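There are two complexes below, and they share chain A, which is joined by chain B in the first and by chain C in the second.
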Partner chain A sequence: MTRGLWWRLGPLWSLVSLLLIVYAVTVVTSYLGESVQVQFQYALVNLVIVVALYMFIGTSGVLSFGHVAFVALGAWTVGLLTIESDLKRNLLSDMFPFLFEVQAPWLPAILIGGIVGGLLALLVAPVLMRLNGLQAGIATFALLLVVGQVLTYWSSIGPRSGQSMVGIPDVLDLQTTMFFALGAIVIAWLFQRTRPARLLRAAREDGIAAAASGINVVTQRVIAFALSGLIAGIAGGLFALTNRVVQASLFGIELTFITLAMLVLGGMLSLSGAVIGALVFSVIDLVLVRLQNGLEIGSVIVSLPQGTRPIILGAILVLMLIFRPSGLTGGREIVWPFRRTPPLPGVPPTNE
Partner chain B sequence: MPSGDLGLVVRGLSVAYAGVPAVRGVDLDVPAGHAIGLIGPNGAGKSSTLLAIMGAIPHQGTVKVNGEDVDGLAPEKVVRRGISLVPEGRHVFAGLSVKDNLRLGGVGRRSQDGSADTLDYVLGLFPILAEFRDRQAGLLSGGQQQQLAIGRALMADPDILMLDEPSLGLSPTAVDTVFDALATIRSAGKAVLVVEQRAEFTVAFCERTYVLHDGTITLTLKPEDATNVDVLTKAYFG
Partner chain C sequence: MNQLIQSLVDALSAGATLGLAALAIGLVFGVIRLANFAQGEIITASGYSIIFTWQLGWYVAIPIAILIGVILSLLMELGVFSRMRTATPATLLVASFGLSFLLQRVYELLFSNNVQTAPVAPELAQSVDVGGIRIQLLSVATIVIAGVLLFALIQFLNKSIWGLQLQAAAADFRTARLVGIPASRVIGLSFALSGILAAAVAFVSTVQTGAVGPTFGVPIVILALIGAVIGGIDKIYGALAGGFLVGFATSMLASWLPSDMSNFRDAYVFLLVIIVLIIRPSGLLVSGGTVRT
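Take a look at the complex of A and B:
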């Protein structure tokens, strides 16, 4: 059977279209005023977290409530490395003295933050990756709580209990954040095509068949978890440079819920789902924030009561779970719209 | 290695679920080039026996593959010792293409050499898989999926092929296709252990068929017993 050019380029098309969508939305928002730009920069950071979540949850089918712990570590690392020494000495006086002197420019700091996130993931993976379903969910949630407590109360590596790290430089703009988001999408797309990702997808579909085929699920999961921890750590660094204030309480249940909701909204079984879910959720959120603050349309000011935003977002998620549980993309990647033959789903069985 | 060692030897295999015994001291011999059947009523312990041999559930007793002890190994390592299981209910990777299913079957090979030859062999055995190689496995018919599941297990190039109820839910023609393929696989020198509900069919096909009742082997049948209704009835109802 000879295959057309589009058959072979199909997967590449899904990547290109995702990059174009993110680029286009970023360009549009850059014309909408500074406050929209700032809010969309947060959206792009969330998009990187969602892509990291997809790399593990989407590929392995195992739930993780713990990825925000890697985000927290990335943010923490970037905070410690980019705040000036003198400022650290004054504001974070309880810290280990060597931390006052450790400095790095923001770009290497982000990468180091990613590595720290990835290392924590690698450290806990051999234990966590043996678990499935609810057990995995609870164990990863415990990881989130442990990291949260350590960052809150251990003043030798940060501010005193419950206080914030301030003085993070203002170096990251919308465009640079977009390049990180595009980079994360490319990495996730490349990862999808690797052997560990293929094996994990197979095991996700059918664990019994995977074991019978000689696939060692734990090893492949460890690889995926560490890699997605690295991307989540990078997202944490981006968050630190966007928010410019880092506090342990920022990396808790709320961020975990929002990013998981984005993944579920888009469809957790495809990279397109992760990206589109993050974008759609963020755009709706952006509109709701505008409406809550009073939006002028011509001579009319439309406004929603305060507190409507989380209610509407929650309602959208519930409706989505009821009517389209597989998400906006249905767990499929974007395909070339003009191809003559549809990709995999062939003709229904005829034999029996 | 003496040829007598080739194949699967199981001694004193016992399995218990939460203290309740499901398999009690089963002995099995599956020599190379033979098909051995394992029949018995529901709950007799047939599937548990296969899962224990694969190392997928805790068990006692010894399991030797080609003379080598595989006790205590994880399933994916047992596969690499030369034994493959076609699980009950086929368990193909429904969202993946036929080709990818077969490719994944090759993960458990002892050596990647000869993988293209094995693929040719499998596609020769089941030509329908060649025709539908790019189709999503979940869209195949039950019979085609069973062929795919066997083909996938063969991709690991096992010396011993175990099948859990391969005829379950298949049409009579599909069952014939599957068992014709098993005959070819057996004549290629592989050992075949087949768990079945269809007693008459299995007894006629296999060189020897063990009857499992309440976790113990109660009878051993030969092909000539296939037409003996009394023996078969006794096998199932004691």
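Take a look at the complex of A and C:
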């Protein structure tokens, strides 16, 4: 009986613990001064991107370099919807005229941004999802580059190349961003427990066996890809409202690399991995920024030379991949620490 | 007509450059399943060394560039990739992404964010008049260099014991080891050769631009990697042909797209890439089957 109860509550704990961790870290950073708050807001936006990445990459085992394209579309949409009409007419004069008129408050704008991102994902998925491994990586990478080029040069839907969208209202604070991050975690957790996600995990472990059991892998992947595209689009909207300047060059290889690095750092096979990876990476980054600006410890000022921060972050990723390729969490979820786990019949003990 | 020939020569030269870069990626991938994104940073390192040593004379600058390419390539293998033998190609690709990012920041720290400039082989930057057609000497030189390198490489791969061992390992690494081909030699060899090819690519690119910055190699390696995959990264010559094709197509599109569309040149190339990947996932030149992973 008790075991039955644990059975039901155990997985819930993996969600609650993540929500508590994100909440706690946010509360701590909100006491550390404005610059830390601002930086952590970016960190939360990145966390949402990483959760979106996890929903697809972690569940399906297929690499995607393309999610930042959906982030870009979300940011673009929110930029276009929240900048005032007059400002758009003056600054973005090459755009289609109807784009001057469309407006939305920021909250619906974020949701529309998510839908736009999700729609693009849904549109390209039936084609891209047939690919595996390296080919999938390269094809999604090509998608990222295509979207980047179009957003950079097509001035009918945005600023001329090299210019950026400005005038996005200052409405998003740290707390609201945190609620979006918590929401994304809940959605990802719920998604994990749905049938498509389970089928995908089966296919991830053994594609041939899954197909032989009648799983249409492509269909399941399309669902996961579109849903994670939606979350990535929402993250894009959050990014636009956080950064308040949107430019195509912000959504390129660098953001792709950093968010993937976060996922790999935490462990790409579990939601805990995505969340903890993003948090740990961001906290290290926060510390490094402090150190670069000079940190006073007593009477000594410790400071890192400028430019060493990304080097350290890159080195952490590479070392992590060498020494612990399955990430900080090893691809497992957080379990209730006080549970006595009875050995399951038929499951061999894992050697970790 | 003249314009056509001119653009053909340019496209051949662009194709040759990317073909060499893709070949370097394919050589390594064939042996250890690594699509090395950090190949771009080897090109950058050789590029820097050419810029800094060119005034000492080409007979100094070019050997040093080759040496640096080979050393950096081998260091990557020893320091990082040799410790990841059991990783999947996707993980290896992410690791090489990380390494690439890391090295770019190191270059930034060492040589600043600005480009370093020097006139490298300015005599090659001229154009010559051949029967009313203006042709860039550099384009011709690139084609010649690529041709000579390829000839030498093919001779090496087909005539020498080491070359044959490398081909065997690229075709089937496990079986090659079973028949007694030393794994470490073959892997080291593939990295060394890719370092030499990187130096060659760095040379023709620095002549063209005369400037090297921290991300010098990135656009080259992106196109080369994409080319290698669509050509069939699993086969050495597939990678070469794919790289050539992408370079050729990019250059032709640059010459012939109407000017208001030329900004989207790369977008068209990448769309083509996606289409090719869908139709022939294991590569244009590979008959049937899928890539071994």
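Everything that follows uses one rule, which is that the second predicted complex is superposed on the first by the 338 of 352 C-alpha atoms of A that agree within 3 Å, B and C clash if a C-alpha of one lies under 4 Å from a C-alpha of the other, contacts with A are read in each partner's own complex, and residues count from 1 in each chain.
Heads up, the rule we're going with is that contacts are C-beta pairs under 8 Å (C-beta built on N, C-alpha and C of every residue); 3 or more make two chains touch, one makes a residue touch a chain.
Fair warning: this is a prediction, and the values are worked out from it, not measured in the lab.
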Partner chain in contact with A:Val245 - chain B first, chain C second, else both or neither: neither
Of chain B and chain C, the chain that contacts the larger number of chain A residues: C
Which of chain B and chain C A:Leu199 touches, first, second, both or neither: first
Which superposed partner A:Ala211 touches (first chain B, second chain C, both, neither): first
Chain B versus chain C as contact partner of A:Tyr153, first or second or both or neither: second
Partner chain in contact with A:Leu145 - chain B first, chain C second, else both or neither: second
First, second, both or neither for A:Ala261, with chain B first and chain C second: second
Partner chain in contact with A:Ala315 - chain B first, chain C second, else both or neither: second
Touched partner set for A:Val127, first chain B, second chain C, both or neither: second
Chain B and chain C footprints on chain A, overlapping residues: none
Chain A partner contacts - residues on chain C that touch it in the complex: 35, 80, 83-84, 87-91, 93-95, 97-99, 101-102, 105-106, 108-109, 218, 222, 225-226, 229-230, 233, 263-264, 266-267, 270-271, 273-274, 277-278, 281-282, 290-291, 293
Of chain B, residues touching chain A in the complex: 54, 56, 74-76, 79-80, 84-87, 91-97, 100, 104-105, 107-109, 132-136, 139-144, 149, 152-153, 156, 170-171, 174
Contact footprint of chain C on chain A as seen in their complex: 63, 127-128, 130-135, 137-139, 141-143, 145-146, 149-150, 152-154, 161, 253-254, 257, 260-261, 264, 305, 307-308, 310-311, 314-315, 317-318, 321-322, 325
Complex contact set, residues of chain A against chain B: 1, 198-199, 201-202, 205-206, 208-216, 344-352
